[in-house]
Structures are given as C-alpha cells and as structure tokens.
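What follows is subunit A paired twice: with subunit B in the first complex and subunit C in the second.
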Partner chain A sequence: MKYLGITLAKPKIGVFGFTGCEGCQLQIANNEENLKDLFGLIEVVNFREISSEKRGDYEIAFIEGSITTEKEAKNLKNIREQAGILVAIGACACLGGVNNMKSRFPLQDVVKEVYGAHSIDTGPVRKVREIVSVDVELPGCPISKPEFEWLVRHLVLGIEPQFPKYPVCVECKQRLNSCVFDMGMICLGPVTRAGCDAVCPRNRLGCWGCRGSSEEANFESLMEILREKGFSEEHIAERIQFFNAFSGN
Partner chain B sequence: MDIPVNIKIDHLARVEGHGNIKIRIENGKLAECAWEVVETPRFFEVMLKGLSIEMTPLLTARICGICSISHALASARAIERALKIEIPKPAQKARLLAKHAETLQSHALHLFFLVAPDFLNTDSVIPIMETHPQVAETTIRIKGFANRASDLFAGRTTHPIVIKVGGLTQIPRKRQLRELVKDLDATIPYLQKAIDFFKPFKMPDFARETEFVSLKGVDKYPFIGGDLVSSDGVCKKEDDYRAMTNEYIVDFSTSKFSSLSRESFAVGALARFNNNYDLLHPMAKEVAENLNLKPGIHNPFLCNHAQLVECMHVIYEFREIIAELIDSDTSECASSYNVKKCEGVGVVEAPRGILYHYYRIDEAGKIEKADCVIPTGQNHANIHYDLHALVEELIEQNKDEKEITRLAQMLVRAYDPCISCSVH
Partner chain C sequence: MLFKTITRENFKKMVEALMEENEVIGPKARDLDTEGKKIYRFLKLNSFEELEMDYTRSYSSPKNYFLPFKEDLAVYDLHDKGWDQDIHYTIHPRVIIGMRACDINALLKLDQVMAKSVYPDPYYFARRRNTLIIGLDHEPLEDCFCRSMNADTAFHGFDLFLTDIGKDYFAAINSDTAYMILNRFDAKDVTKEDQFLYKKVKSRIESKFKTQVTITILPELMDLEFESEVWKKWGDKCLSCGSCAMVCPTCYCYGIEEDIDLDFSMAVKRKFLYSCNLLDFATVAGGHNFRPRADVRLKYRYYHQFRGFVEAFNQSLCVGCNRCGKACLAGISPKVVIDDLIETEKR
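Up next is the complex of A and B:
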C-alpha cells in the first residue's frame, strides 16, 4: 500500500472470538461494500469465522467476547504474547457486556438452571483487560462498521486513534433528532460515549449505554432528571446495568 | 484402506462459533466419529430472570449476531401471546420485512463467504473478491440490499433497535419505502447471477433419510408463528413446542441435542422447503426447477440450494408487502398493554430453522422463567449422525484422509451451524 508516496507494510491481523455472540466479527464481515479496500490494507492471517487460514504470525489481534473460562484466559494470554497490538472489540470484550447479567446469581445456580446436574466449564465474566494488557478498546454492542474501518486505517498508518470524549447527545442533536426523553423514555445518551451516530435514539429507543461512559459524565444530574420524570430506581438500574458500562472500573 | 486415519479438526473454520470434528478409522472401519460442540455458554435463560419484558427482546437479540432479528421477534411474540397483545397490521408487515432482510443477509453470507470458498479451493472469500470481480459485485449488491433493508426495518442488521413488545418503535416513511423498492428491483438480477454462479458447483452425492421439522404454512410460506409440523407426520400447536424438541444432554457437547420420531431431526431451509414447497413464490419455484430441486430431499448438502430458492422467495414477497405498506396507513406501529402473571410461546423460522422462545412472566411484568430452543441446537444430533453415515460411505468408496476431511467439513458447513447461538 502507498500512502503519501510512502510504501507501508500490510500488517497481518487475526480476529478471535471468545464468549459472545460473534456479532462484532459479523460487523467486520458484513461491511461488504468496503471489504475489498479494507482487506487491501491488511493481511488477514487468522479469522476463523470467515477463513480456514490459521496462521500464528499476526501482528494485530482483535479480540471479541468476554472471558469466562480458564481455557479462554490461557488462549488470550498466548495471543497477547504474539500480537504487537491487541484491540478489544465490542461491549463483551471491553465491559463484560450483557454476559455480566449472569453475575447476579451464584455460579452453581447458573449452571443448574440450564444444565441440571451436568457439569460445565464456566467461571466469572471478565473483561479482556482483566487478563492481559489492551492497547485499544473499540466500544459498542455491536461495534460500528465505519468506526472499525476508521480504527484499522489509524493502526495501519500508526496514528493513535482518538475516540470521541463527548456524549451521544451531541451526535443526536447534530442529527436534529427529536429527543426521546420528550416521548417518555429513559435515555442514557447524556452519559454515554458518542461514536455510534446516536443510532438508538434515531430509531426511537433511548440509549442504554453500550459504548460505555463518556468523559466527565454527570450521573448525578441525569439521575435527578430521571427521578423527576418519575422513572423508578429499578427501571433506571436495569438500563444502567445492562452492558455493565457504568460500574466504574 | 487399512492405514489408520485420525482426523481431528479443532474449531472448524467458516462456521459461526466453536465446534470440533473427530473421526477415527481403524482396520478400515469407523472406530469413532463425533461432532463436538465446545462453545462456552453464556446462560441467557439465567440472565433473563427478573428482567422486565420491555428489555427482553433487546437482550435475547444478543443470543446471536447473525439471527438477532429472529430472536427479537420470537421474544416479542412470546410476550405478546402471553399477554394477548394484538399488534397493528402494518407493524406485522414491517416485522416480516425485517425478517426477510435477515434471511437474505444470512443466506448470502453463508453461500458466498462460507460455502463458495470450498468450491473455488480458497481459504476464504477474500481472494475471490480479487479473482472474481463479478462475484464480488453480486455479493455486494445482495448483501448490501439486505443491510439497507435491515437498517430501515430493524434499525440495523445486527441487534435490531425498533422491535419492541407490542409492535415497532417506528415504520419507515413512504419516501424511504419507495426508494427501497428501486433498490430491490436493481438487486433481483443479481440474485439470478448468484444462482448461475452456484448452479455448476456439484453438490456431493449423499443422502440419509431424515425427519424434517418446520412451521406449517397455511396460505403463505411460513416465517412467523403457526403450527409445527414434521415430515414424519407429527403436528403440534405452537404452545406445545416441547413435544417437538425433546432436548437432552450429551457429554461431548455444551449444546443440548434434540430428537422426535427418530434419533435426530433437521431444521432449516431444507426442512422448510420440504415441508412447505407448495407455498413458495412462483419465481422461487422456478429457481427450484432450474436447480432440479423437488421436495422430499434427504441430501443435507442441498440445503445450500434450498437457501438460494428461499432468497428468491423472500425478495419477491418483500416486494409485494412493501407495496401494501406504501398503499396503507402506517401511522399505527405499536399497541399498548398491561402486564399480568402469564406465560407464552413465540415461534419463528430463523434463517437456520425453527426457533422457540418461552417465558413465564410475573405480575410485575418480569421474566420468571425462560426457555429458548435454538435451530442449530436441534440440528446438532442430525449433523452428528449424518457425519457417521457420510464417513462410512466414504470408507466404502476407498476415499483418502484428505477427501474425508474435506467432505466432513463441507457437510457441517451445509447446515450453516450457528454454534454460539445454540449454546447461548
């Protein structure tokens, strides 16, 4: 590849799925319009969902899903050793995501509910950065296609990606969207990191925080407004806990 | 073939999720053969406990990245049937269009990204995009249309936003609908190209008599709700789904297995095709004829062809329904409801086969108990027994290790398994 007259090496990439729905990997594959160009910038050497090539010489690793077994933790550590850059993709990898909802119950009850007396290998839900060091976290459930592309271009060019610090509200207002608050819905747009183009409020659903907290998010004032509007604590908590996005670590 | 053969494919590529194939041949006889599901479970049935019904379709969509629209629809339907909510007509239609967009997207992804590389001897679709620019263009057109249609009717392709209990948050504006019709009309010729591209690929010659389970269509090829039917003559009501699925646990799989009249059964495009052929759109029947496909097929590899037939069906039906929406009042998109203690079942045909959600709901409108039975979960046992039969035939034909490995992988792929979904 040539950029400003300089030939850049095509970095070798691997995409790996752990405990998740593979929706983030699918966002990469379903970007067919730009796939050829994107795959022109990089060399895909390991991406099991769409390729039988299985090489170990990747330089950038994209990690989808949270870590719920020791075996997964071990595989992840091996990947970290190989990869120069490790990127966690999606809410499951960055925050624990929806998987975290099982943590409301004791682990043995969780297994018993689904498998009865049968034993199954499962542990607590961990974020990728609880196991290995992470260089970049790409948020979202699922990740956004344009943002993934944007990130890849940055990594190829060696430029540090700067994610928006401001909240979803800013993007929502830029789109001149009618505020869902006024339609009687809860929206976490005021405290959630932007970058999704306010896709939920644009589709008349309040944001529920899949991209994690924005910088300097003012929770207190949001909570005050929500209570004022008459939403119950329970109702608010269910939204805030959904992706484990605001647990503060 | 007396040399021992030991095939172990860990984490089979070009399928969704994690599964292994194990084949051991000793003294020319099959000593071991297994389809092992090793995906780590996420325990959705537990996560759902105590969740408000309002958030339920949003959570269950995350069971699967590929068929999230189907999960959200089955989920909303189960709740709506429990609470006896009638959803507005235009919302019913728009939901079916979201469903059709997903079916088209999912089938196209499977055929072009996961199956085609086997026939063109490549590891993935990536080199095909270079060597076959026309195939690349066809893929982009079909998948692109499916994505745009999903964006419009579901909010996005993966993890829909607009599907809610009672209906939809919104129905697209007439102008957007008209634009999509143009897009659709421009896409149809590419579907024809897709069929021309796949037709020359010779599907392996193999058959094992199988029971096929699907929804039973009445006047339309079925996608959302209705009676359940099997090709062995079993017929049940939607609420009676457990009599159809009979899940059990085996020790080499984290997904449960299922059986009905025989040791296993199959669901998916082939099951729908076999059980509801008469209800296909005439244009889809034309595709079937072109591919020499008649109902009563027991060759699992032909699921690939049945998917092509269904692509044509959904695109033509899409066109008819969108025309109805353009001509009708679409201002009413959701019904209001009151919560009460109740239970209900919602069934849809996901791209990979029949999908059931069941919930018991408490008086405060929270989920007390949930059960989700996934298409691929129902297919695992059938894949397992097909694999046995296939390898035994291949041994008889004196096929070598390489060929057995190749065909075993292609067999599993033909089912288009969605493994993380099946384990959920």
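Up next is the complex of A and C:
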C-alpha cells in the first residue's frame, strides 16, 4: 500500500476471541465491499473466522471477549507477550459486557441454572485490562466496522487514535433524534462515550451504555435526573449494570 | 416592505411548485411525547401534507441547514507526487418554510460572524445565498423569551414572512424572488379587512408573552458575578452533554478533523459542530485543558451568549427560543440561571 508515494509497511495482525458472542470478530469479517482494501493495509496471520492460517508472528493483536477462565487468562498473557500493540475490541473485552451479568450472582447458582449437573470451567468475568496492559480500547456492542477501519488506518499510519470524550447526546442531537426521555424512556446517552452516531436513540431506544462511560461523566447528576423522572431503582440498576460500563476502573 | 395575501389553496400550490425544483425543508412531526404531543423537527418535505403549519416549536433549530453538523470542507485526491485539493461551495437551491422570527434573527447574528466578518465563511455564505426563507408567525409558548432578547420580530433576513389571518396568509415580502413566486400563485393586494385581521393577530401574539429575562444589566452583572456560586450550583448538575449548543440556533463553534479512505487514495478535511460545554473543547495541543471543570464551561457558554457577543456586536447572541432549556435534562435554562444571578446580586 502506497501513501503519497511512500510504501507503507503492512502490519501483521491476529484476531483472538475469548468469552463473547463472536459478533465483534464477525464485524471485522463483514462488509465484503471493501475487505480487499482493508486486507491491503494489514496482513492477517491469525484469524479463525477468515483463514486457516495460525501463525504466531503477529504485531497487532485484537482481543474480543471477556476473560472467564484461568486458561483464557494464560492465553491472553501469551498474546500480550507477542503483540507490540494490543487492542481490546467490543464491550465484553473493554467492560466485561453482558457476560458480567453472571458476576452479580453466586457462581455455583449461575452454573447450576444454566448447565445443571454438567460441570464447566468458568470463573468471574474480567475485562482484558484486568489481566494485561491494553494499548487501545475499541468500544461498542458490537464494534462498528467503520470505526474498526478508522482505527486500522491510524495504526498503519502510526497516529494515536482520538476517541470522543464527550457523550452520545452530542451525536443524538446532530441526528435530530427525539430525546427518548420525552417519550418516557430511560437513556444512558448523557454518560456514555459518543462515536456510535446515537444509533439506539435514532431507533427510538434509549442508550444502554455499550461504549462505556464518557470521560468525566456526571453520573451523580444523571442518577438524580432519573430518580426525579420517576424511574424505579430496579429499572435504573438494570440499565446501568447491563454492560458493566459504569462500575469504575 | 410589501404586503400581499395568499389563500391556503394557493399556498399549497406554491409549496408544491417549489418542491419540484428545490429541496424544501419544513417542520415535520415524527414522534409523540409522553403527553401525546407531537415532537417537531425541520426535515425535508416529501409532500405538502407533511408540512405542519401549526407546529409549536422545533426541537432543534434549523441552523444545521446553514451550518451543517458535519461538512466536508475539502476533498483531496492523493497520488504519488502529492495531492489535488477539491473544494465545492455550491449547494442545491433550498427553501425553508416555517422559520420563526427568533430563528431568522439568529441567522442575522450568524451573518455577523460568518458572512460579514474579516474572514467570511464561504460555505455558510453559499448556503445562505441559495436558501429561500419563508418565515411563519406564531403565538409564543409559555417559556419563549425572544421578546426580552429583542428577537420576537424579524424585519429582514427572510424572503417571505407569513401570518395566519384565518382563511388567508398575510405575507410580508422581502425579496424579488419571493415577490415573483407569490405573484405566480395569485397573491392579492391587502384589503382594509386583511389589515384589520393582521393587526388583531399581531396584538394577540403581543399579549401572549409570559417569560421575561432581564438582560439590560447582564454584561455588567456577569462580570460582577464571575465568581458566583450560581455557576457551581448549575455546573454540578450539568452533564457536559452539549445538547444545549447543538439545538441552539446561534451556537456556531466547530472542530476540524481529517480522515483518509481505506485505500489511501482520498482524504477529507471535515468540519463538525462542537460545544464549549464539552470536556475537551478547550484542550490544546500537548493535552492541556483550559476549562477542565463543568461549571467553568457552563459559565463560558453563558458568557459568550450574553456577554462576549455583546462586546463584539452590541447585542446578545441568544435569541430567547429556550430550546437549550427544553433540551437540558438537568433543567438548566437561561431563564433560571440569569434569575439566579440576579437574585444573588441582590443579596
């Protein structure tokens, strides 16, 4: 690939899935239209969804999913050793995500409820950054393909990607959406990192916070507003815990 | 100014004719709020029936048809030896129907900054020139304070301004284009009775203003109350969400970003509207943030609207539409903040 006459190095990448639905990996493989261009920028050496190749010489590792077993933690640490740049992709990897639901109950109860007598190796849900250092977090449930491509362009050119620090409301207003609060719904847009183009409010659904907290979000103020508007504690808690986006760290 | 009247049937014909050759924007209702009331916004009309001439307030101002939320300023064709830049100012002719006096006054203020300043903005200018504006009178809502801001009447800045006088529209004409269009649709000269009806409607509108904001002393008050706890009080509630600036007809701040195609053959320079309430608004190269606190950012939004602009242009930037107040989940509006400042000053 040439950029203004200069030939750019093609970084070798690996994509690895841990505990998640594989939706984020699918997003990367999606959009056939410009897959050719995407793979003109990077060399895929390890990505189960698109190739049988399984090489260990990747320079950038994309990690999907949260970490729920010791085996996963060990694999992740090995990947970290190899990769120059490690990118956590999607809500599960960055936040714990929907999986985190199980961490709200005693583990034995959860396993019994789902698997009955069958024994299974599973532990509490951890974010990627709780196990290894993470260079970039690409948020979303699932990640958006255009944002993934945008990130790849940055990585290839060696420019630090700048994600919006501000919340979803900015984009929501820019799309001329109706505020779902006016329609009686709850929305976490005011405390959630922008970048999704407010796709949920655009479809008349409140935001669930899949992109994690916006920076220096005024959480207390939003809580006060939600209570004033008469949403029940249960309703609020359900929404806030959904992606584990607001649990601090 | 010239005045004519046009019947409702002819107005419909006129709008339909305009739709044939232009993009026509007007207030449309897409959602209902919890009380079952329509939520309006300015969008492209596909038929006359979509046009809500009885609309109350549009959620967001129509400023985005002059200052788009996102706009490509330049496109670059990248090649081995460098790049070629391509810039387009032209837009398709556009008609906006139903703009309120406050929104037209807001455009006149934006003109000061975008069209009449030392560095005019050619993109804004092109849109302004290529847009036909048809204004529309209404009875002020409970919280409109455009009167206090001297923005409740528009004398220029539009092509046509309509007042509903019953069976006809009373039309104030402010451009040749508007005059010619109206005449194609059998506009009538104003009769004594039309005048009488028009004055009646006007005085009914006059009598309906409820909300007042004292602004004459504001520039001074704001300087005196620079350290006031009022800013802290509302700043603590502020979500730094930028909704206020996005819906505001006069907020014009922007940022610039550059992006490149996936095959590195094209690049764009893009402008996007921004808000001084957002966390990183005052972050400069190297990472220092001049306004890291929400209360300070909130204060500066009010400063620009009610103090800074006065210094530069002898008028407030705010036109009193209270869209920011309506949009703010934290209940922050010019009325409550300014009243609060005045109260503290008295103590």
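Here, the second predicted complex is superposed on the first by the 249 of 249 C-alpha atoms of A that agree within 3 Å, B and C clash if a C-alpha of one lies under 4 Å from a C-alpha of the other, contacts with A are read in each partner's own complex, and residues count from 1 in each chain.
Assume contacts are C-beta pairs under 8 Å (C-beta built on N, C-alpha and C of every residue); 3 or more make two chains touch, one makes a residue touch a chain.
Quantities reported herein were computed from a predicted structural model and do not represent experimental measurements.
Aligning the two structures on subunit A places subunit B and subunit C next to each other without any clash.
Of the two partner chains placed around the shared chain by superposition, subunit B is the only one that A:69 touches, whereas subunit C remains out of contact.
When both complexes are overlaid on chain A, the residue A:153 reaches subunit C alone and has no touch with subunit B. Considering which of subunit B and subunit C touches more of subunit A, the answer is B.
Contacts of A:244 after superposition on the shared chain: neither subunit B nor subunit C is touched.
Once the two complexes are overlaid on the shared chain, A:213 sits clear of subunit B and of subunit C alike. By the touch criterion stated above, A:121 is placed in contact with subunit B alone, subunit C being left untouched.
In the overlay built on the shared chain, the residue A:204 is in contact with subunit B and with subunit C. Touch criterion not met for A:192: it reaches neither subunit B nor subunit C. By the document's definition of touching, of the two partners only subunit B reaches A:49; subunit C does not. Between the C-alpha centres of subunit B and subunit C, as viewed from that of subunit A after superposition on chain A, lies an angle of 110 degrees, to the nearest 10. Think of it this way: put the two complexes on top of each other by chain A, and the tightest Cα contact between subunit B and subunit C is 9 Å.
In the superposition on chain A, the residues of subunit A touched by subunit B in one structure and by subunit C in the other are 204. Every residue of subunit C that touches subunit A in the complex is listed here, in rising order: 30-34, 39, 41-43, 59-60, 64, 69-70, 78-83, 236-243, 246-247, 259-264, 273, 275, 278-280, 294, 327, 329-330. Interface residues of subunit A, counted against subunit B in their complex, comprise 17-27, 29-30, 32-33, 35-36, 39, 44, 47-54, 68-69, 72, 97-99, 101-102, 104-105, 109-111, 113-116, 118, 120-122, 141-142, 199-200, 203-205, 208, 235, 238-239, 242. Residues 11, 13-18, 40-43, 45-47, 49-52, 55, 58-59, 62-66, 68, 105, 109, 113-114, 117, 123-126, 129-130, 136, 139-140, 143-144, 147, 155-159, 161-162, 164, 169-170, 249, 251, 254, 420-421 of subunit B are the ones that touch subunit A when the two sit in their complex. Per the touch definition, subunit A reaches subunit C in the complex via residues 1-5, 8, 34, 37-38, 40-41, 149-150, 153, 157, 165-167, 169-170, 172-174, 176, 178-179, 181-184, 189-191, 204, 214-218, 221-222, 224-225.
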